[in-house]
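Two complexes are shown next, each including chain A; its partner changes from chain B in the first to chain C in the second.
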Partner chain A sequence: MAFFAVSQTAFLLAVLSWRISQSEVLVEHLPLTPESLTVSINSTLQHLHLQWTVHELPYQELQMVFQIEISRFETSKVIWMGNYSTTVKRNQVLHWSWKSELPLECATHFVRIKSTVEDARFPELRFSSNWSSWEEVHAHTPGHDIKLIFPRDKLVEEGSNVTFCYNAGINQNLSCYLDSELIHGEQLYSNIFTFKLNNVPFIREAGTNVYCAVNYALKDGTVLFVSKVLEEPKDFSCETQDFKTLNCTWDPGVDTGLVFDGQPPQHYTLFESFSGEKKFCEHNNQCSWEISPDLQETYNFTLTAENYLRKRSVSTIFNLTHRVHPKAPSSVHFKNIGATNATMTWKIPALGNYSTLLCQIELRDKENALQEHNVSIKVNGEFLFSELRPDTQYVVRIRCANAKHVWKWSQWVTQPLVTAEAVPSKALDVWRRVKSEKGLLHVTIFWKPLSKFHANGKILFYNIVTKQLDKKSELKFQSIPAPANGTELTLNQGSYQIQVTANNSVGTSLASEIVISRDSGNEEVEEEKINGTKDGFHMSWKPQSRGRTGYVVDWCEHQRNLHCDLQWKNLGPNNTSTVISSDAFKPGIRYNFRIYELSTEKIAYLIENRTGYIQELAPLDSPEVKALNLTSHSFTLSWKDYDTEAQRGFIQGYRVCLKSKATQCHLDAVEELLPDNSTCCKHDISNPKQKTFLVENLQPESFYEFFVSSYTSAGESPVGTFTKVMTQDEHSHMLMRIILPMVLCVLLIAVMCYWKSQWVKEKCYPDIPDPYKSSIFSLIKSKENPHLTIMNVKDCTPDAIEVVNKSEGTKTPFIGTGKTLTESEFPKPANFYLLPAQDSSVPGPCISFVNHTYRETACDSSSCAHTPVTDTALPCQLRLLASPDNLQKTLEKTHRDSQGEIPAGEISLNYVSQLASPVSGDKDSLLISSPVPVLCSEYKMQTVVPSCLDSTVLSDNGSLSSVTLLGQGKHYN
Partner chain B sequence: MLACLCTVLWHLPTVPALNRTGDPGPGPSIQKTYDLTRYLEHQLRSLAGTYLNYLGPPFNEPDFNPPRLGAETLPRATVNLEVWRSLNDKLRLTQNYEAYSHLLCYLRGLNRQAATAELRRSLAHFCTSLQGLLGSIAGVMAALGYPLPQPLPGTEPTWAPGPAHSDFLQKMDDFWLLKELQTWLWRSAKDFNRLKKKMQPPAAAVTLHLEAHGF
Partner chain C sequence: MAPSCLFPGVMPLLLVLHWKHGAVSPLPVTSVNATCATRHPCHSTVMSQIRSQLAQLNGSANALFILYYTAQGEPFPNNLDKLCAPNVTDFPPFHANGTEKTKLVEMYRIIAYLGAFLGNITQDQKLLNPSALSLHSKLGTTADIMRGLLSNVHCRLCNKYHVAHVDVAYGPDTSGKDVFQKKKLGCQLLGKYKQVIGVLTQAF
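Right after this comes the complex of A and B.
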């Protein structure tokens, strides 16, 4: 250990002695110290520029290394140390620059330098000089303004880092902002602050404002201009159209220009290395270069974009003949245009004799390129198009390029070409529809317009020639101007041949022929249902005859329109099925298809008929339903059929939906929930022909609601409004059974009463005779006094009195005039009886009363006593007995008056019915039994015969009359 | 709506059909000049907003009020009220004419700074309108028999920022140019309104408050 310490000390002494000897050598070479050091500042670039010399260089040149120290604020604050190696020549002024991150205006910088010879050729000179003295440098700030913040108006590229510094100076409250955002600076020295912005973005062309203020009072500001990074020009290329000028183009990329004194937009220069020529480009995306007359073959261009911060270059080298971009062909024309060919001519702007051009010709219709041709030309070109379509519009376009090396094709030049017309190349597709009506044939001829391909021109008119086959009549011509597609012919019954041709300006097409037979239009074939699919209607049929030339299926595409737009499809003779499809087919519309077989005579026979829907839909509406035969327990629903054309599908049946209070449905019904969350019992009627439905087993006096919907294979018609119905009362029909007969009976009785009213009146309430209106007056008047109004007894002229003497039982002859009743005239054998005014001395007469108003009760046995007849009292005084009382009084009076004269028991008063048999009843009262004929029974009046009275009375004229029992014109005495 | 009605009522006396009393005098041209100043005020409000936004913060901030510094050469519109009242017609018109002559020249320099085509179009349009106002003031002066002021040699306004003139100061100058222009247009409206009333029968006195209007 001790040994180690001693040896270390010895080593250090040795080194020290070596260093002393070296210092002695340096002293000898002090002139190599850098001298005349000057430091300058470039504020914009933030560069310190050093300049110095090395005096008395021992050799012509020496390889030297300079050590440089840079201090900031103070010499002791060294911020950078570095070496600069260079070969120094004698009397050479050396330059070196240092870039400061901090703006140089913010601080005083100090620089010193020393040199070391490090030249291998002169190892003896290997030593360092002394440091030069510190050189102090301040950034010069022109103007009188107090500038506080640096750098001033600095320009950087996007993404750069920038360090700002500001001198707060005496402004203690100085705050700095970057676009209004407060910046917190870092104190660098005393009142010098700094802040750094990293990765600065481009914000605006006018730059980003950095400014400082004291209490919001602006003190100073600067602008940081951030430029976008200059891009390398893209797609740089040059070409010539005329071998006189080269046009160079490129994509410049972003514009790096800034306003104010930021930076102008980048500029471009073109440099050609072979010729050494350079050109400043006026535009930022193109530049033209004059080709020298000697036609330099190869060119090497360098395009340089440059702004304040950067340069970007691209180069291209090419052979001039490989950069030929011809101008577009000119004077493109057509000549000798026919229906199928035409000749095109064109010119190319002169390229001199330098190259041959290849021209590309394209013939197009509206959609496709039909022909492509390549033609080599020098200046003028010509090409013949053939195999063109007549009356067709083509577009011909042409472009050219250098035949040896296709760099770029010229622009296309387009020219339209329309070929001439030709005769139509195809016969028309013709069909017909025939209606037989009132002995005439209404034939509608339809034809499909020729396609443009077959028309070969504009069809001007259609010719129709009609020829009757039965007779040798003249042909009938008809011309229909285009664009018609049909016409109507009215023909007499018979067979006709109809030919149709299409005509354009050049000629006529082949004739299409159809034959109308005598029976056309009268065919009836049963209709069959078919179902359509998304592919169309599939249908097949059975051949009807062997000698057929084909089939035609026709249908109306717009079935519901007035003009149904008849369509037809021609099929070969061996086809027995087809699919009819059309975009016009719509769901829910019924289409009818008729299948015709064409005979060899070109007559069409209807063989089958189909109807169907491409897609069935549910009915839109429901049938209108009426409720009939409403009873207490049932009612019947009835509805009518739909219109067939209006149906959106084949009706498969109906469903009756019945709502009631009943909670359960009958067995034949299904409970269904309705959209309004109510339920109904649904009855299914699977027979579409059934149009009635009996709803039974109902409750009397209950509300029911019903709705009838129809359904197709696609579904059911929507639920509509329910109709309400109320069942009848259960007893109402029983009441009807009772009341109706009763009413009828009452009516019958009333009619009977009315009919027999006279009889009833007579029976129930006979008219009371009015003495003033008695008909006797007419009799009296006629004889005696025409002004007589009241009949007096004295006015009576009794004709006869019949007295029946019971005791004698003999017939008393009439006295007086001696006439018998049969002899006396009695013009009106009225139903009254005259009481004879005869001498009371005549014994035994009996008075008879005949009056239908006389009531039996008025003359009963008690009241009807024997009535004596006296002379004075006129016992037989004639009176009309208005009432039974009167009668009774009269009778009583008469009885009293006659009591004394007529002996009681000898004369009796009896009711004698004329209907009664003379032998019936009391035989004692049968006073006139013998003379009364049975034939008198038709008299229904009763006769009161007072047997007690004298039978004779005196008339005015003194004659006697007998009481007559009126009947059959016979009078009894 | 109310503003339109007021404008119509305000302009009613200027309807030629209602004021045909022989020679119309300078009245109509004063009215036209007044209308033009109001129109330019409106136009400048839009232009200044766009341009100051283009300069960026803090120039587009409403309370930004930088020191004039380099804008000292701009003609000042602000004047003491008593001084303004005491101005005679000729002096009043002369000051207006000289101010707009200078401002127009400065304004044309502004166009160089504009980066967008739209801004350049707006500036060019405003310059044309300002040129029209200048012509209109010249017409009023001619009608009143006042000679146009002749520019003194060597006092031609120039827009030549020196090498020491920083871009930030340039932006401040632009700010002051627009602000001064705004104040001048406001003052001119008062001037021509006063002049207009003076040319007409005496009317109610005008109270004028001259204040600097911020943008």
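Right after this comes the complex of A and C.
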């Protein structure tokens, strides 16, 4: 029994021992297959999340590699294989995720896994396990709506790729769109189509519709949200102003937020690694961090920006004292402000005893920094400014920083500073102009205002003190309020000393002195021309005296204005040339410069006079020209009143432009083409003083047009209107020489005739008496026949002629005075004769009348005599006279007799009418004493015969006969 | 009618008057025998006011519909038949040939349904289309008129027909839906609203 028991025990031990050894061998060769594999889905992230364990790990930990296979639709369609290496601890649940490009809702996925121990410490365990069983997973689609397109409300970053899938039937005409844009797709599986969008752009915050249609019938849609890519925060820094709070700031970059629940804006968290504290930042660009009371010296901050898709972090590490940014100084004031110095005080908000502050002070004028100072302070600061200018406005600004380590300066604090006034530091620059007029000196004093630098304050007024040097007199004071720059003084003839000072509220400047001599204002210096250049007017002069203290050149900047704006330039005694330049100088304006020499007595003597243009221009206008002395071959042009002073350059001459029909110009002229394409002959007058021009060699009775222009060195005046002129007729002057005297003569004769008209009438054509109105009738009518109108010859009583001796003295008055016989001393009418007419055609006796007025000439020539003619003798005589020969002879004889063959005064023939009253000597008495009736009466036509032919004809026998030439058959009733 | 989208229940009219935007949960059920009471007596022209409000809603319904689907972008404007068809299955019925009381009760249900859903749409659109201000304004105005209409209908029912309570069904809950489904559902409801408000206007 014992043996049985022992052997049984031994057997059991042996078995146990074998079991133990066998068990160790089995443990060494366990496959370590992953177990409890579960697969979950994150549809939003499209993640397959794997979770498994490795049972009976022989050691506490092993380095293992897990091979993972993922299939889609079917287990055989492996779409991904990969390894996952990790250290596996005993009883550890392992996790691993895989991201699917395809939305997980579109397909069933299968996962299996196996492991391999790859731990160098345990090379004997290097073998692979079996595959786990396939784990099937399919995404759950929430809701009860039929959804065909996935993913729903997908959120991606701009530029990323996204795949849509559509669960549709087979062989369907499917088309999908992104915001109306067709997306190309492919069939992934029997009823699954995929549409891949690469590098999607950001379209809008509200998302973009993606939709699919089958046979153009919309089936389903979803919204794709594309956000901007989260950027890393920029310029991340932290600083403190009071050692209590750290203010961290950064530039967040673009906002990645989307509307609805697509994605909120990114949020920021601040983590400090030394303290391990973390803070969620309320703002997207700044965060405040409370400094602990123990004053942690070093900080290491990490700023993390995060949205649904991404995280971005930046870090900074710093010493707190190196990040001090003091607040701006406060209570900045000035005290003890003088003309050249001032004290500034300020305060800095307390930083405790942690820091010494360095303050930077700047003194500036309007533009530039004049002084810069650095001052170290704890809390209160004070600084003395010196070397300031009086009455000057400054700007002082101050800022502070940590003296040990300048991280950032505080904000500038600016405060204005105005220094006090001081006495003007410079004498005025004074000049004068003097006019001597009617025994008085009109002195105009000019001064240049002191610059702000020298005025040292606001100039309130100018004092002028005038002192006559010739005789002792009181000083004359005059105060001119600012901002005047001159004044006028009227002084008696003499020498004067004038002092001018400028005054501000503090004091008076040094006096400027000038002396007006007795001769001032009367200087006459010849004017010289100068030419200006771009730099100005260069002028030089010769010194006049040795005892000079300097020169002054003055000129008017606005030459043509009433207020000429006198300028002057002071020059030293050794200067004999200068350049006068000014921005006010304009081309085309003449400027006059006067050069004065200053004597030691401060008297200015005019030494030279210059005039010129900074740039000459062509004249603007032409002279007004008159044409004078117009003849048939020439005329003279004259333009006496042309104002050359007002021109825009020195007039160098004139050009006469003459237009005519002549095709060629004279030798002294040049043909020139005018703007209107016409030509003219241009004569040049190079002497500007010549203001007349003789245009000659012209054609008579021709039109000419002329125009006179002036020219300077810059050019010629513009062509204006041509004046027309016509030359005279060549013979017109001759005609004038003849016609004019003739007209004058005619006029003279006419006047004379008018004046002597009565006399001429009496002499040449006296009044013809009407025989029917003769006074004879009155005598006859009254006695015999009151109705008698024509005297009958029978009624005539022949008169007798008696010859009487008469003294000479009685003859002349009759001729010369022209008085009627009744008025002369002849007592009886002597010039009547009665001639018995015996004409064959007129029977009976007739009375013939001869008007004695026609016989005056004959009588005047002393050849007239009334001779009684018998009745028989008259026809004979008439016949003789009718013959031309006889008439000629008779005339000659009569003429000869009138030349003196019959001496006047010796014998006188007196006609005695029978009707005449012997007692009455006047006409009236004659008419009354003619009572004899007349049978017939005939009036003989009276004809004017030169040289008394009509009245008296000498017969051949030398007897005198009175002849009346009668027209035959012509009777006047 | 999908049970999850409809929350039938008896709601006191007074509580209905205090309905707000986005109220989607059913109001507490009160006793059927609760006394009908209004704070103020109905105006004699309440029916006229109801007709006027209906006309006002009818006049603006199409413009609201157009504004809505335009703001949603493609494919909505060109697929109205698919996306905005008024085939809302759980929509409260209306019988135009019924009595005034019946019609008023049915209209009350419809306006309550639409009013609640309009609140949801307004809230969604302010988030989805923050720049569509005219749409937001139009939605707000429509909701205001609906509240006034609901008050008048309640007054009429209470005073004339002594109806103290009406079973009310709310519209579908959009909170769990994706954005495209929300857009689509809103468009469908507004299409339905445009259609039914015309019927209501004709019926009164």
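Annotations for the structure displayed:
One rule holds for everything that comes next: the second predicted complex is superposed on the first by the 510 of 973 C-alpha atoms of A that agree within 3 Å, B and C clash if a C-alpha of one lies under 4 Å from a C-alpha of the other, contacts with A are read in each partner's own complex, and residues count from 1 in each chain.
Note that in this section a residue touches a chain if its C-beta (ideal position, glycine included) is under 8 Å from a C-beta of that chain, and two chains touch if they have at least 3 such contacts.
The structure displayed is predicted, hence computed values, not measured ones.
When both complexes are superposed on chain A, chain B and chain C occupy overlapping space and clash. In the overlay built on the shared chain, the residue A:R152 is in contact with chain B and with chain C. Using the contact criterion defined above for the overlaid structures, shared-chain residue A:H95 touches neither chain B nor chain C, since it reaches no partner.
Contacts of A:L218 after superposition on the shared chain: both chain B and chain C are touched. With both structures placed on the common chain, the touch criterion links A:H322 to neither chain B nor chain C. In the superposition on chain A, no contact is made by A:K724 with either chain B or chain C. Once the two complexes are overlaid on the shared chain, A:H283 sits clear of chain B and of chain C alike.
The clash between chain B and chain C in the overlaid arrangement falls on one stretch of those listed (20-28, 164-172 or 200-208), that is 164-172. Once the two complexes are overlaid on chain A, the chain A residues touched by chain B in the first and by chain C in the second are 142-143, 145, 152-153, 177, 179-180, 205-209, 211, 218, 220-223, 259-262. Interface residues of chain B facing chain A in the complex, by the touch rule stated above, are 54-59, 61, 64, 66-67, 69, 113-115, 163-164, 166-172. Of all residues in chain A, those touching chain B in their complex are 142-143, 145, 152-153, 177, 179-180, 203-209, 211, 218, 220-223, 225, 257-262. Residues 142-145, 147, 152-153, 177, 179-180, 205-209, 211, 213, 217-223, 259-262 of chain A touch chain C in their complex. Taken in their complex, chain C has these residues touching chain A: 2, 4, 72-76, 79, 82-83, 124, 127-131, 176-181, 183-184.
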